[in-house]
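Submitted below is the structure of interest, expressed as structure tokens.
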Amino acid sequence: MRITLINPNPSRAMTEKVAVAAREVAAPDVEILAVCPAPGEGPDAIESHYDEVRASAAILDLVSRDLAAGGPDAYVIACFGDPGVDAVRELVDVPVVGIAEAAMHVASMAGRTFGIVTTLSRTLGRAEDLVLRHGFERACVSACGTGIPVLALEREDPAAIERIAGWCERVVREDGADAVVLGCAGMADLCRELSERVGVPVVDGVAAGVGLVQAMVRMGVGTSKRDEYARPPRLAPEHRAAGDDTSATHEPVSLTA
Amino acid sequence: MRITLINPNPSRAMTEKVAVAAREVAAPDVEILAVCPAPGEGPDAIESHYDEVRASAAILDLVSRDLAAGGPDAYVIACFGDPGVDAVRELVDVPVVGIAEAAMHVASMAGRTFGIVTTLSRTLGRAEDLVLRHGFERACVSACGTGIPVLALEREDPAAIERIAGWCERVVREDGADAVVLGCAGMADLCRELSERVGVPVVDGVAAGVGLVQAMVRMGVGTSKRDEYARPPRLAPEHRAAGDDTSATHEPVSLTA
Amino acid sequence: MRITLINPNPSRAMTEKVAVAAREVAAPDVEILAVCPAPGEGPDAIESHYDEVRASAAILDLVSRDLAAGGPDAYVIACFGDPGVDAVRELVDVPVVGIAEAAMHVASMAGRTFGIVTTLSRTLGRAEDLVLRHGFERACVSACGTGIPVLALEREDPAAIERIAGWCERVVREDGADAVVLGCAGMADLCRELSERVGVPVVDGVAAGVGLVQAMVRMGVGTSKRDEYARPPRLAPEHRAAGDDTSATHEPVSLTA
Amino acid sequence: MRITLINPNPSRAMTEKVAVAAREVAAPDVEILAVCPAPGEGPDAIESHYDEVRASAAILDLVSRDLAAGGPDAYVIACFGDPGVDAVRELVDVPVVGIAEAAMHVASMAGRTFGIVTTLSRTLGRAEDLVLRHGFERACVSACGTGIPVLALEREDPAAIERIAGWCERVVREDGADAVVLGCAGMADLCRELSERVGVPVVDGVAAGVGLVQAMVRMGVGTSKRDEYARPPRLAPEHRAAGDDTSATHEPVSLTA
Amino acid sequence: MRITLINPNPSRAMTEKVAVAAREVAAPDVEILAVCPAPGEGPDAIESHYDEVRASAAILDLVSRDLAAGGPDAYVIACFGDPGVDAVRELVDVPVVGIAEAAMHVASMAGRTFGIVTTLSRTLGRAEDLVLRHGFERACVSACGTGIPVLALEREDPAAIERIAGWCERVVREDGADAVVLGCAGMADLCRELSERVGVPVVDGVAAGVGLVQAMVRMGVGTSKRDEYARPPRLAPEHRAAGDDTSATHEPVSLTA
Amino acid sequence: MRITLINPNPSRAMTEKVAVAAREVAAPDVEILAVCPAPGEGPDAIESHYDEVRASAAILDLVSRDLAAGGPDAYVIACFGDPGVDAVRELVDVPVVGIAEAAMHVASMAGRTFGIVTTLSRTLGRAEDLVLRHGFERACVSACGTGIPVLALEREDPAAIERIAGWCERVVREDGADAVVLGCAGMADLCRELSERVGVPVVDGVAAGVGLVQAMVRMGVGTSKRDEYARPPRLAPEHRAAGDDTSATHEPVSLTA
């Protein structure tokens, strides 16, 4: 089984970090391919709706190239805003999972409630959209921004770890979270240490996503191609595959003709 | 007062159509500027999550150019998926409204319930996300796809009108909708005729959006710049404005330094 | 276009205040008629469910007289409990909007979340009913009573402004509101000053209501007369209009006859 | 224990009918007083929001007179729209229950789900408001109007019974209701027959309300006077009781004085 | 009328205490039979999901024996986790009510909101399940564990009363509860004193349950036997009654035969 | 890694069937141990709340024996009512997942919506409780009983397959489900065939549960022992482990002593 893990920012250090986290949860027969955009193909980090639009476009390009090279058994999108997940689901019939939804699914099986500890508070709106989209509005008892920018997580920084640990403690002690969801792929390497310090399961979405798609691949469960996630009616030339209808043009369609 | 109306697909005919609908609800002191991407800058129509990603990127480009040219008093995004609305809100401090949210707000003041009649059923997932995002899950008693592609609405087609009218009747008679929301900017010109045939208010989002932002501009209510919708921490060179921090680079940030 | 603005309490000073707020957001072609009950026709202020029952009855009388004099293009009910809105909708086919729903619709387009700052905490139950009725239970992150009675707002009072500003700050800083909804028509004149002090959009329902019904009138969208808001089956003599069935009596109706 | 049962329409026949239903569920030590307005003091029936406003005002008058005569141990408001219940709660500290909420509480203990079968479909909006207010949106799987006006239920009519029974069957067989809630006080006498025909519990709100307030009185549980339901800050002269503050005037209140 | 009150723990002192509370709210014509398991037949107290499984099994045994002895007109299960209520409903056609649901129904008629004050915080998850099951997620504004184990309530203890009173104060003053629900049958005897101290209705579920089933019995409303609560398809020999199908065996069933 | 799969009914054929389904999704380094009660230790099938109580008790016994024998890395409870899952979580610190929650988590990653196709309609109430408990009330668009008893699934039966396939078709075509959740462990062997016939992912909870706990074990994520799922305060002698407090007695606890 091969899983393509997409880091939508161009940081090579962060891509390597998530690849390590992914390989730690891969079964012996699972291969991980971690990819990221070239510098300039997408935003340097994803910390706004604006960044998310640009990251989603970059992810579509990465997926198309990956599909042209054969395509994997599953995709994991390694950004906590789950950018482009719905669009990628339209392009493929294998499982596609974002790390936010993945982490929330796993956390909700580790206890009744969880809290999210993420980077900038401005991204909490998107997190709330995802919580609601996936039905975790009762399970998620707290969502906090630490004020730490994504790129500050590129390399290990004791001050960042301290601050994140403090927020993890808070969602557990004050908000009653049974588990903690880490709200950034860049926190993947902190998961074990945080779990030990806080004393409850701390869930990294990269590991969760890789774990969940493995389950889906072994089950033979892919993306439903019924209606919403069917192949899109038109594709840019750079995203087309053999068999796509390329006749879609700007000509108006007539129902009566 | 000047309102920029963005049609995110490159159809000149449809852009003209929505401009007409907008001008019909503009007060005497309101000027409408309707813009659309050049062919190839975005998808020909927006009928999938894939299209939405590309349309959102095209909208950001249009807004940046419009801002460079002075900027309006408000933006209306004339596509029923409300693509890019959150991102555009980050870029400006004037009101920004999508036509789906606008139509739902207006319909919910015309009665207790409404039904959505849209183009392809595959877009209903996105509509459902918006219904939930804006709290209309009880008001919206029905959402139906007519199977009519967006571009079939570019010019008036009696068969399309018949089919849409049939679905409007159905959401009113069978699902108990007090009003109907038209789920595509391309239906703007059908609004009056449909309302007469069905006997309940039929709401076009373009008119709704233009009406609502007029109210907001007169009230002095713009987009809240608190946290989520504050100016993004980094912008692509083509989207930067005077005063933006251009120092954002790929260098990792250190909390301890 | 003519809009009738109904202040359901008999305070002439407050009626004048809301008329001013309304005119500030009226387009050049819009005329505002502000009316209120004669002293004794309704409660002096609306600060309880008891007051709301009496105010609703007074509003029906005002509307009937206004209709007899020709009737406007739209009604705005200028009390934050939205008293009598459903009943007035039954009486007319033009738009009818209460200032609570109007303010919440506008606030939810200015950001993701809002907080309500109102008069006496005892009215928060009614506010909660309206939040739920209109689907704003996720958007509304906070609702606070300032302890200031309605009539203390009749004339400008620096102490009242200070107290209200303090609560506005609190819903923004502590509860994370992107915007503030003012929970009393008597606060209409404070809107601009509060917005400047707090730094986020502060929404007055009177302006919001007048803004929204203008949009609806221009769109040709009135009150749906399907079922719930159809003309009531019986009316008191003082509320009847030409064409009403006046045969409704106390005689039992027989289904078999 | 004495319970005052308020029928807010002036039908003597219907008042007698609900008194009979109430007495059937009264314990040996419980006395029922059934009252209704004089003809012309309120609407002949309550089938619209308009009627509800006028009925609520009539109920306040009835309660004030009843209180002046000593007051009961509990009030039951015998109209399915629960008109005036919140306002009456402000006036007293004994239990006050509307028959809609009462019937829904009882039905939800008789099974997981219930359906509502009521008179005119135009009243279903109010029923939906009450369902939501009391948290029964999952328990209530169906709400149907039979098209039978309230006053057609004044005397037994086999055609009405047949039609109601048909709708009861439908909510059970097609909508999966475990129990049926009758949506009008005028159906109180049909309860037993319908239950036998349909084979599931059929709940009359009059009996439910009288049953529930008996429980509350025996428990010593009345209406909470904390904030929302505290005695209103001002009362019309005809509703005042000994001890009320009668100083409330139209003079503006100053916070600084 | 005879009501069987089941205390699922074997404490004779607590059984006597709940019997007293039940008799205080019984009408003159109502007889209370309070039963509990023999020591060792179930857990000593119910403070975990583990305890709940064992208590539910013990309750089924108690009900079967009670039915064999004639059976009552209604059952009340006197443990705040409402253990076994769904299963007992399958066994009988009379009303069956748990004290948690009963207390929440009554509290929600005493005001808009309530708070739950219970024993160990570890039981709050189960309380939350019940709140959601019965639709009280908006009415219940707070749920607190006092840290007092169930058996510490067996006899009156001034320290326990102080601590419980403190939590009652807190849910009222800080969380805005209009009423308090006591989260343990062992608190039944504290109800009156707490209500006086806190100044709002304090609801004991034992009294509530006994009060509500009295109402249901007088109404002729039992447990709906439609589908979910119909007699189970198979019963252990010790739970069978005359008329049960005893042929259910381990043999596989064939649809085609 | 070793996973214990608990079939709570005593059918050896069904236990073997679920073991086969589990092994098909096990990674090369995963060992499956499938266990079931001895005949008479629990119900022959779980088709009622009554059965669920008895099955839960049997599961606790099985887990205690399994723990005494060393204990696995994770538990999967192979019954669609997820009996005893909360209680088992209290007993261990490894992951514990029920097949209903597991199937719903997986299905919701295969599409936006799913439908449940189960055995007897009387079990749908429990399914609804689980849907709500885990937040799938929007994702789950349909839940249907086929009328096929659990034991009819013990061996393959073409008539049963046909009937189940018909219901799968229906939830997809009529109710708009993107995926189907099979509502019984006994359907595990039908999953592939049904998926091919219906054309959307069909999810078997046994495979889903085994897949998900593998992910959790590799992630180092177990059951949160914070509060609710901490080891229970008391255990029956047969369920005690080394280190448990065995002093818990029937003696009342004093807070003041």
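Some points to look at:
First chain written, first letter: the chains are A, B, C, D, E and F, and each begins at residue 1.
Everything below uses one rule, namely that a residue touches a chain if its C-beta (ideal position, glycine included) is under 8 Å from a C-beta of that chain, and two chains touch if they have at least 3 such contacts.
Please read these numbers as outputs of a predicted model, since none were measured by experiment.
Note: the chain lying farthest from subunit D is A, by mean C-alpha position. Interface equivalence for C-D, evaluated over A-F, A-B or B-C, points to A-B, where over half of the contact pairs coincide by residue number.
Taking each chain's centre as the mean of its C-alpha atoms, subunit D lies 44 Å from subunit F. The geometric centre of subunit D is 28 Å away from that of subunit E, both derived from CA atoms.
In terms of their C-alpha centroids, the spacing between subunit A and subunit D amounts to 52 Å. Shown for subunit A are the residues that touch two or more other chains, namely 112, 125, 132, 138, 227-228.
Within the complex, the subunit E residues that touch subunit F are 10-11, 13, 39, 43-45, 47-54, 56-57, 60, 84, 86-87, 89-91, 120-122, 124-126, 129, 132-133, 148-149, 151-152, 154-155, 157-160, 163, 227-228, 230, 232-236, 239, 248-256. Of all the residues in subunit E, the ones that touch subunit D in their complex are 24-30, 95, 97, 101-102, 105-106, 108-112, 134-139, 172, 176, 178-179, 192, 195, 199-201, 203-204, 207-208, 210-212, 214-216, 218-229.
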